[in-house]
Each structure stands twice: as C-alpha cells, then as structure tokens.
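Here chain A shows up in two complexes: once beside chain B, once beside chain C.
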Partner chain A sequence: MPLLWLVLIVLALAGAGYVLGRQRAMSSAGGDTRHLHSLPVYYGSNVAIFAAMPAFLVLAVWLIAQPLLVDSIVSADIPATAVPEGSTLSLLMSDVRRVADGLDLAISQGTIAADEAKTLRADATDVRALLASVGVALGSDVNETTLSAAQEFRALTGTGSMAMTVVVLALALGGFAYAYSRTNKDFRARNVVERSIRGLLIAAASIAILTTVGIVLSLVFNTVEFFRLYPALDFFFGTTWSPSFGGGSELGVLPLLWGTLYISVIALAVAVPIGLFAAVYLSEYAGAKVRAFAKPLIEVLAGIPTIVYGLFALLTVGPLLVKFFGSGGTFGVDWMSGASSVTTAGLVMGIMLIPFVSSLSDDIINAVPQSMRDGSLGLGATKSETIKQVVLPAALPGIVGAILLAASRAIGETMIVVLGAGAAARLSMNPLEAMTTVTAKIVSQLTGDADFASPEALVAFALGMTLFVMTLGLNVLALYIVRKYREQYE
Partner chain B sequence: MYDNPNLERKVAQAESKISARNVQVFYGDTHAIKDVNVEIEARTVTAFIGPSGCGKSTFLRCLNRMNDTIDICRVEGDIELDGENIYDKRVDPVQLRAKVGMVFQKPNPFPKSIYDNIAYGPRIHGLAKNKADLDDIVEKALRRGAIWNEVKDRLHAPGTGLSGGQQQRLCIARAVATEPEVLLMDEPCSALDPIATSQVEELIDELRDQYSVVIVTHSMQQAARVSQKTAFFHLGNLVEYGDTDQIFTNPHDPRTEAYITGRIG
Partner chain C sequence: MTDATNNTPKAKTSLLTVSPRVKKRNAQEARFKAYGIAAVATGLVFLVILLSTILYNGVGAFQQTFITVPIYLDEAKLDKNGNRDIEEIKKVSTFGYTPLIQDAIFAAIEEKAPGSEITSAKDTKALISASAAAQIRDVVIANPDMIGKSVEFRILAASRVDGYLKGRVTRDSIARDKNIDAKHLDVVDTLRSKGIVKREFNMAFITGADASESRPEQAGIGVSMLGSLFMMLVVLVLSLPIGVAASIYLEEFAPQNKWTDLIEVNISNLAAVPSIVFGILGLAVFIQFAGLPQSAPLVGGLVLTLMTLPTIIISTRASLKSVPPSIRDAALGLGASKMQSVFHHVLPLAMPGILTGTIIGLAQALGETAPLLLIGMVGYIASNYPSGPISGFMDPNSAMPAQIYEWAKRADPAYYERAWGGIIILLVFLITMNIIAIILRRRFERRW
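This part shows the complex of A and B:
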C-alpha cells in the first residue's frame, strides 16, 4: 500500500475518532456539557491523538530503520568474492538498489509481471535492456549476484512494507478503540490531552537538540579523519595555506584565522560605535515620530542580502579606497594594489552589522526602567550624564550580548569576504592588503570536484570545527559577562 | 488645638520657600491642575493629600520641573523658589533639580555600589575636593539617611541588594548628599512595610531642621504624623491648605471633611 494512503487512512481514523469521541462523551453526559469533566473538544482530541500519534511515531521510526536493516541484511549475503576488482561493497549496493528500483518501476509500468520479476535470471534476460526500456539507465550489465541481491532486496522491502502497513493500521485502530472505550463523562480527557501536548513539545525540542548533536558529531568525526591524514600540529601552527589537490598541500590555519579576526575586528570597530550611538539617539533623544521611521529604516540594512553588500564592497568601497591609498591616489602613497582588502571587507561588514548592534541595544536601553532616569534627573544630572552613568551601565550586559552576537555574525560571514577581501591567505599587518577568512576557504575547498577522502577536502570540516569552537567560545563568554554583571546589578 | 508647640514655633519663623501662583498644568488636552496657589514654608514638612488622580504628584513634579521630561505636559502660572521664577527661560532645570531634590514612590537605587549611589550627585556637581572629602560627604549623607549603621561595612556592595526600606532610605540619603534646599517626596512609603515606614517617617521629621520637605501621601495618618502643613487636592483643585492640625480637626471645606472622614476618595 502506498505510503500516502496509509497516512490518509490514519488521519481519517483520527478525524473519525474526534467526532465519535466527542459524541460518546456528550451522550454519556446526557447532552449537558456541565456534567463532563472536560470540554467535549478534549474528548474528541483524546481519541484522535491516541489513533494518530503512536501510529505516526512507529511509521516514522520504521521508515528510517527499514532501509538500514534491509541494506545490512542484503549486503551480508553478498560474498566478498563477488565484489569486482577496484570497486567497493557500497558501490555494488547502490547498483543493487538501482536494479531493485528499476524492477519496481518496470512492474508498475506493466513491462513485466510481478511474478516474472521474482524469477528473473541474469543469464536468461537482458536486465539492462529491460530496465533501459522503462527509463532506468545502468552503467554496466547486470550480473547474477547483483540481480539476486536486488531480488532479495525487493522481497525484504516488500515484506517490510507490508508488515509496516499492518502494524501501523493495528496501532491506529488499537489506539482508537482504547481511547474510545475510556471516553465517559468522568474521564479526565483534558489532563491526558495536555500531557500529550507536552510530549509533542518535548519532541520538538529534542529534534532541535538532536540535529545540533548530529551536526557536531559529523564535524568531529570528519575532523578526526582529517587529522589522521594531516598532522594536527601543522594544521594549527602552520603559517602557510596552499592546498593543492595533487598532494603536497600545506594547510596551516593561522593565516585564515588571522584574516578572520582582522576583518571581524575592523567590522566591529565600525559597527559598535555607530550602532551604539544610533541606539542611544533613538532610544533617549529621538521623538516618537523620528523613532517611528528611523528605526525601521536602520533595520532595513539587516534585510539586505549579504551578496549585495559584497557587490557594494567590490564595486564601490574597494575602488574608493584605492583612489585614496593606491598608487597615484589622493594621499600619494602606494599601500593598496587592488580593490580587495581587509579594510574593504571590514568596512562593508561593519555597515552590515550596524542594525544588529543598534536594534538590540535600542531594545535593551529602552528596557532600563524610567525610574532610573527619573532618579538621576531628580538629582540634577543632565541627560547625557544620566545616559553615561546610569542607563548605559544598567544596559551593559545586554549591550555586550548584542556586540558578541554581532561578532559571531562577523566571524561566520562569507559572501562579503569572498567579494571584498580577496582569496589570498596571508599573514600580514597591512589592513589594505588582500586576505581571506576561514569561511571563504571552506567554500573554495568544497566547491568543484572534490574527493571527499583527501585531506584537501576534509580540511573544510576541521576549519568548520575551528569556527564552531570560536563562536561557541564567544557565546560562552557572552553568557559569562551577562551573568557576572547581572549579579552585580540586580 | 492651639497649644500645639510645633505650631507656635513655626509661626515664629514662617518664611516662604516656594510660592506657586495660578498654576495650571495640562497633559495634552487634559487640564490636570487648575489654578493652584500655595506657599510652601522653609524648614517645614508640607503634606499633599487627596484621592488618586487628583493631581498632587503632578503638582509636586512641577516644583522641580520633572514634568519637562514629559513631552505633552504644559505648565502655566508662576512658581517661585526664593522669589525667583523657576519656569523662567534663564533657569536651567538641571541646576534647579540640584536645589530641589526628589525621592520617588518606588525605591530606585542605581545599579551601582551603595557608595557610588550616594556619591553620584556630589560627583556630578563637583561638591567634593578629593577622595577623603567625598568619603566624608557619603558618610554624612548615609548618617542623615539613618542607614549608616546598617551599610557602613558594605559600602561597596550593590545598592540594589538592600531591602526595600533600606533602599528607600538610601535614595533619601542620595538626595540629601546633593545638599538640596527642598526635598520632594512622592509617596515615599507606599512600597514599604510598617517598620520601614516608621523609620522613614522619623527620618523625614529629622530632615525638617534643614530642609523644606514636601511629601505626597495616601495615608492620612502619615500626613498627620509627619507634617505641619497640609494641602488637600481634589480633581485638580487645591481645595484647602492650612496647618495640619486644623485640616484634620476642623476642616473648613466640606470636601476636605468628607475625604478625611473617609466619605470620598
């Protein structure tokens, strides 16, 4: 039975359960809702939840587990000698899956009968031609091992799907019957429904957490894999970054880290003062009317795609800087050779970060109670004394949080760097020279035809891990600062 | 009633500190204060009483121009401090507020240490010549605020860590540290328990020998206990103003009598 039908049947059962459960509850109370423990809608929902939730849960687990199980059973049956020279078991298994899918397709199109597919033999039929006729192209002729494995694959999958359908329907019906039988006017349906809702919320939270764990684990495993191929010491302390897929790469992370930090520092040096001053103006001095249009206008900056900022860096800011600092420029110095430079990317990234700093800081400054300002003004302090000595210190933990958030954005930013800072990994103090960052190099290592077993591709995971640890460290630091000041101030 | 010793002492030295004439206050289109005339005497505690929303806090905030911070608020009429109109264009509201201190309804210590809370005003106004001088000012203010003994060992602990009553006395000490001439108090005890209230009331009584104190209160017992003069506000009008004893024992206006006997408000 197709999956869609199964889902629809379970949903229909749940819908029917809702109506019937509600009716049963109402009739048990003699049609008067005041005699029910819970509102009728809870009785209906209770039956619907019991019909649908366990069934869908099992369905989801089954859909994930079955292919893994079938794969491992079938591949265990393939003799090691059957794997051709220069190939691997996993390549063979993908052939097997392809043949199995092709046979399914052939049956559904009526090219061969279902029984025929089971007894098909590679020496008697040209399976490759058969599958090609239904639109499945195979790279090579199908040998006996592959075909029989594919047939076993189909058989197991068929049995599994059948079993899944039966189990899911049984669960749905069983849950329906159980919840329906429990429905009477004294049954505490509301409590049960609320417990189920709590379960749903926990499940949602777990998905987010599990995904994070999964991503971190994949980073960790691939990083370990990378360090098996490339010495960790050379990675962390190497000062040269020159990957070459032909071998003999030098993959020192220091130039990339330096570029990342340099650009981020310049970006923050632009964004923090401007953003903070804008926030102070908006929250303390601007009238309601100015605020009403200025704040959204500043926040528009946050909505501009970073690639547009990148263009702005490449086409406007870079050439402008060259006009000042390049050879024959306004200042008569020759410090800048091309439009791409740390300053170009840093300036533009700083502009991108202004709304982050200003918008968050503005909210935080507004959250400082008016009584603090009144207290200071009542002592004869001026507005700016009040802001400097009372409002900003009270808002400091939040402002630090906003700045660190902006820093995380700066460290993770890619597009502006690619277009504005150039691609040369370099350790240099000159802010007008082209450099590059960790993120930009991750992109360049993984784009194109990368062999995922080579250190040149795997280094991307190590770089990702480094970034992750850096932003994690920043977040921990932000939390620490916020907590420390909170202890002092509240 | 006329043999009250307080009253006689006061009559002997009655001198006007603040005099308000024909004061009108508008919030947008709302006429919040209507034609208020009042003379607030030096070295006296003056209580403003009246039902909620009658304008007593609004009028109090006119006395140090705190209403300037509210955009839609407009004040008309004359308010003179020592014969000088405080709404004159040449008057700097910031200077005025240093002379007319204010204590608010809810204790609002700054998120700083106890020491820094008190030193805030003196530092801004440059009242201390050096660190020792500042230490001295802080100690004197805390003593005046009747909280020195409780906090002298933890001057550098955060002011927000004190109890509500201590916080309010800290705020009073903070206001006193700036050496104001008038102290405005907007329901200073409304967030406090009875014990803290009585401590603050004692403090107010002691402050009287140096400052004019104007206190807004909802508690008529409190007004009777701490004040020598009482003003009764109703619906934006100053209904009656006179000696506290006279207001509470022999009010001239029927509305005052109705309020203090609990029939309105």
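This part shows the complex of A and C:
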C-alpha cells in the first residue's frame, strides 16, 4: 500500500475518532456539557490523538529502520568472494539497490509482470537492457549475485512494507478503540490531552539536541573513516595540501589553518577598531537622532547575504587592490598577481564583521551602570577619560566576548573566502598572495562527483570537525565570558 | 595637612586661562570623539559603496540587446512536403533555422548599412545569440501557418554585441577575441542608429531559466527563484511550528533542571555554528543516510530549517517573555489550565513578535549559500521549470544565491553582470521581507 494512502487512512481514523469521541462524551452526559469533566473538544481530541500519534510514531521509526535492516540482511548474504576485484561491498550494494529500484519501475510501467521479476535469471535475460528500457542506466552488466541480491532486497522490502501497513493500522485502530472505550463524562480528557501536547512540545525542544547530535555523529563517523585511510598525524602536522583524486594526495591541514587565521586576523584588524569606536560613539556621544539613524544602517551590513560580500571581494575589491599593488599599478610594485588574496578576503570580511562587533559592544557598554560614569565625571575627568579609564575597563570582558564571537564568525565564513581568497594552499607571509581556508576546501572537496569513500572527499569531514571544534570552543568561551560579566552588574 | 599649604604651587593657575594640561586633555577629548565619528562614518561609507557597486554593476542585467528583423520562413527548408504536418516540422532541428536568421540579418544589413565589410550571411553569426534558432523553432512549431511567410521577430543579440552597447566590450578589448571583429561593431553602430538593434527591458532575466556557459545573453534567474520559493515553503512549514513549540516549552513549562540547561546551551551554540557545518550535516544525514535526492529544494529546505530554528526560537522566546505575567495570572485565576492560558492568551499576544522573528529568520535563510553548495545545488545548469509541486520539491534545482555563485564562477565576464543583477533581485526580496517585519512590529506589537 502506498505510504500516502496509509497516512490518509490514519488521518481519516483520527478525524472519525474526534467526531465519535465527542459524541460519546456528550451522550454520556445526557447532552449537558456541565456534567462533563472537560470541554467536549478534549474528548474528541483525546480519541484523535490516541488513534494518530502512536501510529505515526511507529511509522516514522519504521521508515528509518527498515532500509537499514534490509541493507544489512542482504549484504550479509552476499559472499565475500562475489565482490569483484577493486570494488567494495558498498559499491555492490548500491548496484543492488539500483537494480531493485529498476525492477520496481519496470513492474509499475508494465514492462514485466510482478511474478516474472521474482524468477528472473541473469543468464536468461539481459537485465541491463531491460532496465535501460525503463530509463534506469546501469554501469555494467548485471551478474547472478547482484540480481539475486536485488530480488532478495525486493522481497524483504515488500514483506517489510506489508508488515508496516498491518502494524500501523492495528495501532491506529487499537488506540482508537482504547480511547473511545475510556470516554465517558467522568473521564479527565483535558489532562490526558494536555499531557500529550506537552510531550509534543518537549519533542520540538529536543530537536535542537538532535541537530547537535546529528552534526557530531555525521562529522565523527566520517572523520574516523578518513583517519582509517589517512594517518591523523600527517593530517594535523602536514605542511602540504595537494589532493589528487588519482591517489597519492598529501592532505596536511596546516596551510589551510594558516590561511584561515591570517584572513581572520586581517578581518578583525578592520572590524574591531571601527566597530568598537562606532559602538563607543553611538552609546556615549551620539544624540538620540543620530543613534536612531546610524545604528540600524550599520546593522544593515549584517543583514546582507555573504554571497554579496563574496562577489564584492571577487569583482570589486580584488581588482582594485591589483590596480594599486599589481604590476604596472599605482604604486609601481608587483606584489599581487591575481585579484584573490588574503587581503581581499580579509578586508571584505572585516566590513561584514563591523556590525557584529559594534552592536554587541554597544549592548555591553550600555550595561555599564551610569553611576560609574557619574562618579568619574564628578571627579573632573573628561568624557573620553571616563570612557577609556572607567567604562571600557568595566566592559572589557564583554567586549572580549564580542570579539571572540566575531572571530568565530570569521573562521567559519565560507562564501567570502571561496570567492575572494583563492584556491592555492600556501604557508606564506605575504598578505597579497592567494591562500585558502578550511571552509573553502570543504566546499571544493565535497562539490563535484567524488565518491564519498575516497580520502580526498572524506577529508572534508575532518576539516569540518576541525572547524566545528574551533568555533564551538570560541563560542563557549565567549558566551561564558559574556554571561559571567552580565551577572556582575545585575 | 598644614604642611601642604607651605608647598605653594610653582606656577600661578587661573580658572579663566586654559592651562597647557587642560588644553592637552581637551584636544585628546576632541580627537577621541573624532575617531568615533570617523568609525561610524566609515561603516556608513562602506554600506553606501557596497550598495552603489551592486546597483552600478547590476542594473545592466535588466536590459538586453535585441535585433528586430523580419525573417522569411522558407517553406522549402522548414516543410519540404508542404503538408504542414507538425511531426515533419518538428524533425527540422535548430540547424535548419540558423541560415534563415543569418539571411534575414544579412538582408537587413545590406539594406540599412550598405557598404559594410560584412559580405556574407555566415559572417553575421557573431551578431546573433545561439539561442535565436531555438526561439524561432518554438514559435514555428506552435504556429505552423507562419511557414512561407515573412514574420517580424525580436531575437537576442550575441553577448559581445550586448556588451558593446553597455560599454563592457570595447574596440580595444576585442582585438584578440575570435568571436567578433571591429567590422561587426561598425555594423552594430549603423543598425543601432536605424533602430534595428535596440537595448530593451529584459523580462527573461527575471523569469527565465539558466543557460549554458556560452550564451550568457539568454540566462535568467526565474527557475532558481522557484527553487528558493520551494525551499522557503519547507522552512516556513517546519521551522515556525517547531520553533514556536520549542519556545513555549522552554519559556512556559520547562522545569529548571540539567536537561533544560542542556537544551538552552545547545540552542545558543547552534545559533553560532558556521552555516557550512549545517551543509555537512545535510549531506551526511539527508543525502548519504536518508537517501533523499541531491540538489532537491526539499533537502535544502530541511538544512535551512535546522539552521534558522535557533534564530526563531530565540526571538520567539523574547516575545513570549515580553507578555506580562498578569495576563497569565488572570487566565489562571478564571480557572483556565496552564496549557489553556498559554495557548489562548499568551500565544496570540506574542504572535506579532513571533512572526517578525520568523520573517527575519526566513530572510536569513533565503540569502544563505554555503550549505547549498554542499548538497549539490551548484555545478549544473538549472534550465527546467518544475512541472508541479512534487517536482518542485524533489527535482534538482538551484536557488537564488547558489545561482549567483554559479554565475560568478563562470569565465565569461558577461555572467558577472548577471550575478550583480541577481543580487539586486535577492536584495529586493530581503528588503521586502524586512520591511514587512518592521511594519508588523510597528503596527501590532504591544508595549506593556
């Protein structure tokens, strides 16, 4: 039975449950709602929830678990000798899945009968041609192992789906009957319904945890896989980055980390002074009108998508810098060969970070108690002396937190460096040279048709893990500092 | 303390004359203030430069050069048997149409620009977009009756010609360009003065599909706009209910314990995780593990949902917090359950704030590019409109920022103009969404 129909049937059951549950409650109270414990809506909802919720829960779990289970059973049945030289079991399994899908398609298009697909033999029929005729292209001819595995795959999937339909429908009916039988005027329907709604709320809140778990698991599994193929020491301490999909790549992370840090430092060198002075001016000097005008405008910079900054770096800032520092440029020096360089990306990223630094610092400076300023001014200090010697030292931990958050942004920024920083991994001091970063290499290693089994593709997960750990560390530290500081004046 | 009075000051000071030290301090004060003003001004100048660069470079993409000529649809070539059988007409490929167009352009040149250096019909190839033949073939297949007549068509000029009219291509820059010569530009100048070659508003850029690398004049952002639309639908449908439910739990029901703390720390950390990490998550979980199709807006939407959830949760919690406790107390006092007080009273009052936060989260998701690169929304030509809602969610498509990135990577500078133009469209969407959010906040948000 198609999934859609199953869902619709369960939903229909729930709908019917709502109407019937409500009716039963009303008739048990003799049509007078004052005799009911809860409002009639709750009795209806109770039956509907019991009919739908367990059924959908099981359905979701089943849909996730079944393919895994079928995969492991089928692959266990494939003898190790059947895996061809130079191939792997997972490649063979993806062939098996393709053949199974193709057979399904062929049956639904009427090319072969359902019984025929079960008894098909590779030596008797040209399965590849058959599947090609329904639009499934295979890389090689289908041998007997693949075909029989595909048939087993289909059989198991079929049995599984049948069992799933039966279980889900049984659960829906059972829940319906249970809740319906409990419905009478003294039944505390509201409490039950509210408890299930609370469960839903908790589930929604746990998605944040699930996301983190998902991120960590997907990074860890693939990273471990990568380190099995490539020594971890060479990855962390290697100074050469030259991936080649033909094999024999050197995948040292140091040049990438160097590029990342270099660009981030330049970005912070632009953003921190400008952002900090802007925050000081806006919170200490500017009148209400200037503040209302300038603050939102600066924050617009934070709302502009990073792809825009990337394009700005690639097509405007880069060529401009070449005009100054390139051969035949304004300064008559030849320090820059292409538009993409560490400075290009760093400058533009700095512009992007200005509002991060300024609005976070602004909040923190505003949180410094007025009495401290008044005390300093009362002793005869000028405004700037008050700021430099009283306000800023008091706000320092918070400002450090803000800068750390900006740094974590800079390290994790992708589009600006992909477009503006270049693709060559170098360990060089020249800020006008093209270098590359961790994020840029994640993009370049994972886009394209690389198979996910090679170290050249898996290295992206190790890079992602490095990035995740670095930014997470900075964030946790920054949040800790900011929180600690906030408590100080509350 | 009496000793102090014996130490008479060395220099006489007066409040009325400014001492050098005060002067220095005042100068410092003025300098410090000037630094502040300079910093704010720098920020604003960067904003102005950025926006004017975008406008200056991108406006050109909304105009395109067209050639308007009558084309004689030769029956001998398009319908040899003369029976107007649609199947037979379809058999004539675009190669059959190209000579007709070239003849027509050549005829126009001979008539309007006599004495030009273009001496053969084939030589006009440099002027016409490669897409023209397909355009005319489509029209002819839709109206077979046109065959044998001379029909006026507005066809796209080649991107070099378009660039010449916009100033991107100059006579110097084509010196080593084998696609076009100076004689072509001479002809273009003449034809332009006669009104045959014209720059006009190009709707196809907004509604059209992407084109191959060699014909930038044909590329449009329409298909990827639809891709973005389907992704935003997924984000809205998932992140609003989940975000609101999570916030209600954390703000109204959650007990103060380790688990709640864990969730809270998690959410604030997720908000600061680099977006590319969400792309890795999407690739590993949704594509590798769950087997969802690559490049599908559904997957993009799921990834962006996870990315925007923290933003939505944080803003929703803020607006729930701003509803005064007296509202809850009043509801509870009248006998409502906790759940009823929240869903019937607190939530409706917090709704404008929640919607504002959601729209801002959506705007952020709309401009996000990095995760989309990892789930495969770049690297191909998004040329097919989705055929229906299901294909819109499941079929490979691009998204606006991914399309802009794709154009920025292509070698032909004509695509840069389109990338800037795409940014203008993207920013128009973002500005609209933000204005809606501001209006919502101004009109409906209550101050208690």
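In the analysis below, the second predicted complex is superposed on the first by the 285 of 490 C-alpha atoms of A that agree within 3 Å, B and C clash if a C-alpha of one lies under 4 Å from a C-alpha of the other, contacts with A are read in each partner's own complex, and residues count from 1 in each chain.
As a convention for this text, a residue touches a chain if its C-beta (ideal position, glycine included) is under 8 Å from a C-beta of that chain, and two chains touch if they have at least 3 such contacts.
Every value quoted in this text rests on a predicted model; they were computed, and no experiment measured them.
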| item | value |
| --- | --- |
| Partner touching more residues of chain A, whether chain B or chain C | C |
| Chain B versus chain C as contact partner of A:T240, first or second or both or neither | neither |
| Chain B versus chain C as contact partner of A:Q389, first or second or both or neither | first |
| Partner chain(s) touched by A:V443 [first = chain B, second = chain C, both, neither] | second |
| Partner chain(s) touched by A:P369 [first = chain B, second = chain C, both, neither] | first |
| Touched partner set for A:T125, first chain B, second chain C, both or neither | neither |
| Contact residues of chain A, present in both the chain B and the chain C interface | 382, 385 |
| List of chain A residues in touch with chain B within their complex | 287-288, 369, 371-382, 385, 389-390, 393-394, 488-490 |
| In the complex with chain A, residue positions of chain C that touch it | 25-26, 28-29, 31-33, 35-40, 42-44, 46-47, 50, 53-54, 57, 241-243, 245-246, 248-250, 253-254, 262-263, 266-270, 272-278, 280-281, 283-285, 288-291, 306, 309-310, 313, 337-339, 363-364, 366-370, 373-374, 376, 378-379, 401, 404-405, 408, 416, 419-420, 423, 426-427, 430, 434 |
| Sites on chain B touched by chain A in the complex | 64, 66, 69, 71, 94-99, 101-104, 106, 108-112, 120-121, 124-125, 158, 160, 171, 174-175, 178 |
| Chain A to chain C touching residues, read off their complex | 64, 67, 190, 194, 197-198, 200-209, 211-212, 214-215, 218-219, 221-222, 273-278, 280-282, 284-286, 294, 297-298, 300-301, 303-312, 314-316, 351, 354-355, 358, 382-385, 387-388, 405, 408-409, 411-415, 418-419, 439, 442-443, 446-448, 452, 460-461, 464, 467-468, 471-472, 475-476, 479 |
